[in-house]
Amino acid sequence: MLNWAFIAEKAPAYVKAAGLTLKLAGAGIALSLVLGLLCALALYYRVPVLRRAVAAYIELSRNTPLLIQLFFLYFGLPKLGVMLSSWTCALIGLTFLGGSYMAEAFRGGLDSVSKAQIEAGLSIGMRSLALARHVALPQAFLVALPGLCANSVFLIKETSIVSIVALPDLMFVARELIGLYYNTVEALGMLVFAYVVILLPVSWAFRSLERRFRYAQLGT
Amino acid sequence: MNQEALPLLQIKGLVKTYGKAPALNGVSLSVGKGDAVVILGPSGCGKSTLLRCINGLERIQSGEIILNGENISNPGARWDLVRQRVGMVFQSYDLFPHMSVLDNVLLGPLKVQKRDKAEARRQAEGLLARVGLLDRKKDYPRQLSGGQKQRVAIVRALCMNPDLMLFDEVTAALDPEMVREVLDVIAGLAEQGMTMLIVTHEMDFAKAIADKAVFIVDGAVEEESDGEVFFRNPRTERARRFLNSFQYESRRPRRKTGAAPSGLTPVPVTRATMG
Amino acid sequence: MLSSGLRVFFEGRNMARLMAGLLVTLKIALISIAICFLAGLLAGLLMTSKRPAVRAAMRVYLESVRIVPVLVWLFLVFFGVTRAWGLNLSGELAAVLVFVFWGTAEMGDIVRGAIQSLPVHQRQSGMALGLTEAQIYRHVVAPQILRRLLPASINLATRMVKTTSLVVFVGVTEVVKTGQQIIEFSNSKNPAAAFWIYGLIFILYFLVCYPISLLSRRLEKVWAY
């Protein structure tokens, strides 16, 4: 029933596209984590001006679809004279989206660190940087971990729309095959298979990570 | 008490308000080197606030806090430096849950004081041994009982080699059978001449350890006396009533005369009296 | 040149067309949200069922929804079903089907979380007071579950509105598609149209989603205890 010859012939294209999807997701997650942490710290330390900007960014990012953000970056911005490559657009879009989600997760973690813990750190003479590094962040990270993992899975899935800025990811290949050859069932079957192969191990790995780090269920 | 030497800690006219409500209303106090000072008073009187002010955890409105002749309450004070000389132990232990016992104790010496690792570790292990917890050094706080956690918290503060220790109701959150092990550690420190301010509700302990007692009511010092004097014969009426509030009178009906004085009255005797 | 591009909004019936497109988007979102909120209540009950087989089946459902991107689901239904069974689905119908399939699983998980987060002793104190099962449900369980439910489900509604932007992939003439048509039409005379049109759509989505997010956060604060 299925056209196995077609599947065998096109499989390498999917493998290559999966590589791009993974590379983009990996870079996007890493940048989102950095941006999210910086934003969360700006909110946590109530840095004047910056915290307002961060709050506005989070609202803007969380209340607009990635698709529209990408359209704007890829088709809109060149009219301002800003030409970005497909890859740059996708990475900026993914980071713009992911940064706010990661920021919220980190902030939830930081808020969960009790005032008493901070005072205990202060009472042995720690200053705010050391306090953040050795006391607040390690504990915040453990609380934020499930959220960070969920956001990472979410970002991997969100990469599925970057084909609209002409990046040859998994979705792009599937769309092309459907358009060219009409082997829709095979093309879509391989697409689903590819996402399951990527996301199933990732979500299992995250789950075991969360289990391992649950030790700090917290007894001070 | 060292009367002739300069006091280690001097507090003059300390005022601390929360909004409009005064918490401390002009507290003055001096603590000589090697003194164990017990701070007493009804709850909400400002005892804990006083300790928190000395460690810079609360901002004060006016007054002076002078440690070793240095005014630490002026706006430019480097509290991180002051706190290395003033150790504090809290009611709720507040160990760092993500670190082992030894790492909890070493965090300050290594990251704040930047001391040599081997030397700090030797001291930490020595102190843990003294409170009987050396074999638990690799455990995490959640594996310890309340009393053990509090002993670790004391070691964490001691390992900074402070000039002064502040104990803020350190046994208030403990189960009764664990109170003793913590108080014994504090008493041992007092014997070795550590200067300390202790807020506590354990009257027998306070009586046993106090070189000086400070009685605070409504944010002001009502009485400051020698420990022995205060507990035997307080000068103020309020202190007398406060101390009396810890005495219980028996509410059981008195036995009839002729009954044995012990509570374990043998039944046959009663029956015999009834005839 | 850029600001002169603004005229794209005022030419012909462009603005009216964009708004009509937005209505199509909102219609798909609203229908999906309404259905999956109701279906989600049922799914949530099934997820907390006493029968392990039911729970396992629901688990597979939820995981399969979560592991495959919504856009892929949309392609599966729109192109795959059409091709495999020769059914002809309209883009709108395919979109609503997929969003309901996805939203019901997510809503079910929210309901499950709310039910399970209710401490056992809440029920037990109800029993200790001598309330009947129905009274316990009416006065103790339902009000608390509703409060735990609402902020998260409103949040889900925002996510669903955002996700409707994907229907442009299956040929529905909604706000994005309308925008693209306008851009294409005016590209030769007004090259800056893309900037303005996509900028406007960006703002339109924000204007729809932001109030919903605010409401969710408001409820979360008011009902936190």
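As written, the chains take the letters A, B and C, and residue 1 is the first residue of each chain.
In this text, a contact is a pair of C-beta atoms (placed from the backbone, for glycine too) under 8 Å apart; a residue touches a chain by one contact, two chains touch by 3 or more.
Just so we're clear, the structure is a prediction, and the values are computed from it rather than from any experiment.
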Neighbouring chains shared between chain B and chain C, ordered by label: A
Chain whose mean Cα position lies farthest from chain A: B
Selected pair, greater C-beta contact count between A-C and A-B: A-C
Most centrally placed chain, judged by C-alpha centres: A
Euclidean distance of C-alpha centroids - chain B vs chain C, Å: 57
Distance from the mean Cα position of chain B to that of chain A, given in whole angstrom: 49
CA centroid of chain A to CA centroid of chain C, Å: 20
Set of chain C residues in contact with two or more other chains: none
Of all residues in chain B, the ones touching two or more other chains: none
Contacting residues of chain C [partner chain A, same complex]: 2, 5, 66-72, 75-76, 79-80, 82-84, 158, 162-163, 165-166, 168, 176, 183, 191-192, 194-199, 201-202, 205-206, 209-210, 213
Residue ranges of chain A touching chain C (in the complex, touch as defined): 59-60, 62-65, 67-69, 71-72, 75-80, 153, 157-158, 160-161, 171, 174-175, 178, 184-185, 188, 191-192, 195-196, 199-200, 203
Residue ranges of chain A touching chain B (in the complex, touch as defined): 116-117, 119-127, 130, 134-135, 138-139, 142, 215-220
Chain A-facing residues of chain B, complex: 55-57, 79-84, 86-88, 90, 92-98, 107-108, 111-113, 140-142, 149, 156-157, 160
